[in-house]
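In the two assemblies presented below, chain A is common to both, partnered first by chain B and then by chain C.
Presenting the complex of A and B:
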């Protein structure tokens, strides 16, 4: 057998499984999203669905009398304007590459454009919960990803030594990663409990009143972010350790001769050499955490008042509790587009020449 | 010797394997390891139901019952998924409030003509229970209880606040009195008057619903949402006045509010009938601060008595009856067994559904039973709806917004009105 047919034969099992369990369900999902499709009703009567075109998307994302304004949502759009200006400034001064600048600018324009839609007079969203839920998910991602990246990088730098104690510590820090979300959330629910939790006990010993983390709107999101950072530190740390071990010792030795050690060496040698690892970690984490579900579902049940309601949990509730599979699929397609665009960004950056 | 043992073992396995008809069973109520088969001594919902199921497995000849692993919070999602994939359990528990969604699609077997032969007498069921399991004139489930919200009381705190007369608690009869009692408790003991899960599980919703019904109002009638009303404002204010005056804490969830009550930090806990035997057992323990426990009817703060109620019942999927008569017959036997053990289930604190049980001495002698005899008469629920879960969720979110995030009552009611109307229109 020549190489090409052999390659196909070897790939076939993977392609078959991939097509059956990923490609087919994906297109099926899109198909369902174009229907009024009740989960239970269709199970009992396959004809109980009806084709509605893009109705589900409209019902989920649009509303009555929706208007666009340049400053309808000052916070979101303001950040967008800042992003665009920063992208232009950074690119002109040559501090970032063209691709990074374009990426930043695109994000900025997205924030300005999408953030500008709001119900005009007498108008309202058809689904009042969808966009706030998207907002919560974005907030969760934007808190978790820097949190995981920074703490994993600091840990990796600190643990990047070949002693027995360090390898024990590395294992310990990685251990949380292997736990399931049910265990993680159980552990942290106990930690956060205002009655028997470790945090409450410490606060009380110090003379404070315990915070009801999971039911206080100011702290609920922070609580699930903290639990998530603790949980997903491991993989990021391992990636950083691999990145760190790739940096040649010679660089540090040469720098040491020039009296550049410690924090300065980290700033001028470690960070620049870790750039690709950082990008990889950040994008992997973004894609991963957009799919957050368990933490919100189990720790706060999306509350209080929906402040921790996230996209996947809303999809789950719409599909299973409310049986509205068509609507849920439309939201899932929306989530796919978001995650897909980050994958594309990663692909582009990955191909970028040094 | 060895040969004999293995031989007998193999023969037994073969024999039971050939004879036993497997019935798969789906339920919530939580897990109970080592429930045993003694249905008379188990304590708490999870252990009592599991001991009844274990006993059914052991005692019904030719039937083995296999309890599927399900989890409370996602129970209905799991059950729906099993129906959607064509593999529902042979029998499963559900609430009355969830019956319309399934029954309207023909998901449940029509049991009407098979009950007598299985040894279940529907004429023995109380009227409300029979109504609860009847869909379009046909019986589609076997009722197990009627459960409702009670006021669980710490009589020591009530006594200290001067709210006990002749060994009975003095309960408020108006929102003003509620505030006054709460002040008395705070002044006399420094403790909260009332605790409940206002933060996650919809106990707060059920409290507000009861106060709505007490004014003759409801959240919807027919296809029309009726939430944004004077009555709703009055019901909500009756509760928020306690939060505003610092006499109750809205941030406790189910576990924490229960713990607060058991720790002797609150005079009243609003919770269901399902915990009466558990609190009774806890009060008897030395290490629990709660010593003197009393289970009272939900008080009437407005013009008529009302408390939130629902009902647990067991159904068999229509597909089992249509395609698998042996399993259907076996499942009916299990239902009959559960029906026969109605008195054991009532030990939880739930109200029994069989007249023969209700009239019996054993039922009357159950702990605290005499303290909440009016509950059966004031028990109510929202009108039947296929969107019960989503509607309850809307109310839960908007009420939480009021007491946890300070959303103005008028805004919350208007939003709830819109959203529930949306759900009714779909």
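Presenting the complex of A and C:
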């Protein structure tokens, strides 16, 4: 039976808003990325923009005399080779699902392929900041995601009991998750202050010298990683708690009869049964943290010396400080391609049979 | 099952990291109750590192007497409430239609709607900015509210919920000759209350905590939300406002979401896990 009139009445409000404020802007963004579009010039004269095809992508992502080599960037490509080998090994030994192995292998090949480009003799990138900024963002994600995932998994395993005390403890660990990034950066900025910070106070009480976390190139990235892990623990913990609920208690009871308890039970029963949850949490955290902006913008302003400059902040600055909307939009499309890829992976894993 | 003494030890052992996890927020609270002139010299004038000595509530009084925090707070209430109502309206109606009604192109429309889940806010804020600039809509409540209504996480959530309702209930109503719109209003909506509560909380938390889009769209101080206001005073906190008052602003900005969380904990947890990468 068809209920077309009722369906359209109910659908139109959302479809209108969706088309106007998500679909159209998405394609408009692609359109802007194909233009030389100065925000201020176009504001005064709407015709002051010119079609330049993919020039913005070239200006942002390419350079003069760029060459590819299998070991041009040893750290990045080395990590890629390790990723591919690890994916093959994990798959052959049956420790991960095929989808996870393929995902890891794809990441490895991407690191090898993209990481191999570097300026050759007399060459240079057209935009010296873009790829280092992507690198910073990847570094941030590489540090934050394992930190959140490991902490959350251990906490979830420890807190997975239906008692009043455990419920209160779960509440305390989740609390930071509901705060705004502006509150998180406010608190941690002061926490890290070498003159007034709580960490400095404790350090001095113990007789040490305070670290200038936010203004020292060696520590600034670590500072925003710490603040982010503190902030982001709650969701990951809840997802792991849900995953733990799905593990049959019979497995633990059977294992207990074989003296397999505590840490051994965690390794042999909990971990294998949490594989899908671990993968989902990791993908979710990658999506979340690749979009990092507020921590960098408010705590370190991308500094010192751009060591904590991240992709979204660079897009924001290019578009709204430098008025280069074309280049900013090209970078935003790049961001979408990455985020879209991880969203697809997340969707596929989410649909896998348990 | 762990012996009760082992369990007690575990609770005590976990209480230590739980307290450490709370220390940053407790410290913010502590600083907000210390006089600015003391804080200008040291933040160590406390008992046990966290208990404010000397104690004062003047920072909060000053916020309401001199600061713009109340205005930012009101703006955030308006935007968060408007966004929540808007998202609930368009998501519940669309979710029901996609889940329960039959019509041409249904599958195609469903897929097209959910594809939007892949688009991060950061990928569209530049074209959105130019759109609203062309319309002259920046520095307004509707500019802050409308873009979020387009994010399909709400439709996805409501669609999943309506799909899970047994069809018997609808069939019974239909046999009584009730039209589909009346079934939606009188039968399905009341049943959807828990899911709507989850979506409402998710949207409110997102709206209250949102930073990037307000940063781009609300450039006049009278339209600053609490996040923008907090960000603006962060950059020069020592000079203009005093540390105590800045921290009091942080506490005020946190109170609604913390209270919301403590009251509706089950819904908050459910909302944030559903909207994890969109929050």
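One rule holds for everything that comes next: the second predicted complex is superposed on the first by the 322 of 354 C-alpha atoms of A that agree within 3 Å, B and C clash if a C-alpha of one lies under 4 Å from a C-alpha of the other, contacts with A are read in each partner's own complex, and residues count from 1 in each chain.
Methods note: contacts are C-beta pairs under 8 Å (C-beta built on N, C-alpha and C of every residue); 3 or more make two chains touch, one makes a residue touch a chain.
Quantities reported herein were computed from a predicted structural model and do not represent experimental measurements.
For the composite obtained by overlaying on chain A, chain B and chain C cannot both be accommodated without a clash. When the two complexes are overlaid on their common chain A, residue A:194 makes contact with chain B while staying clear of chain C. By the touch criterion defined above, A:288 lies against chain C but remains apart from chain B after alignment on the C-alpha atoms of chain A. In the overlay built on the shared chain, the residue A:44 is in contact with chain B alone; chain C does not reach it. Contacts of A:320 after superposition on the shared chain: both chain B and chain C are touched. By the touch criterion defined above, A:339 lies against chain C but remains apart from chain B after alignment on the C-alpha atoms of chain A.
Put chain B and chain C next to each other and count what each touches on chain A; the higher total goes to C.
In the superposition on chain A, A:312 makes contact with chain C only, while chain B stays out of contact range. Judged by the touch definition given at the top, the superposed model places A:17 against chain C, while chain B stays out of reach.
Touch criterion met: A:215 reaches chain B, while chain C stays clear of it.
Once chain A of one complex is fitted onto chain A of the other, the partner contacts of A:238 are limited to chain C, with no touch recorded for chain B.
Touched by chain B in one complex and by chain C in the other are residues 39, 42-43, 196, 298, 316, 320 of chain A. Put simply, chain C touches chain A in their complex at residues 7, 10-11, 14-15, 17-19, 21-25, 27-28, 31, 39, 42-44, 49, 86, 89-91, 93-94, 96-98, 101-104, 106, 109, 113, 116-131, 133, 146-147, 149-152, 155, 179-181, 184, 205, 208-209, 211-212, 215-216, 226-228, 230-231, 234-235, 243, 246-247, 250, 253-254, 257-258, 260-262, 265, 268-269, 272-273, 276-277, 279.
Those residues of chain A whose C-beta lies close enough to touch chain C in the complex are 1-4, 6-11, 13-15, 17-18, 20-26, 28-29, 31-32, 39, 42-43, 155, 158-159, 161, 163, 165-166, 169, 171-183, 185-191, 196-198, 201-202, 230, 233-235, 238-239, 242, 284, 287-288, 291, 293-294, 298, 312, 315-316, 319-320, 325, 328-329, 332-333, 335-336, 339-340, 343-344, 346. In the complex of the two chains, the chain B residues touching chain A come out as 73, 76-77, 80-81, 83-86, 101-102, 105-107, 199-200, 251-253, 255-256, 259-260, 263, 387, 389-390, 393, 396-398, 400-401, 404-405, 407, 415, 418-419.
Chain A meets chain B in the complex at residues 39-45, 124, 128, 193-196, 212, 214-217, 297-298, 300-301, 303-307, 316-317, 320-323.
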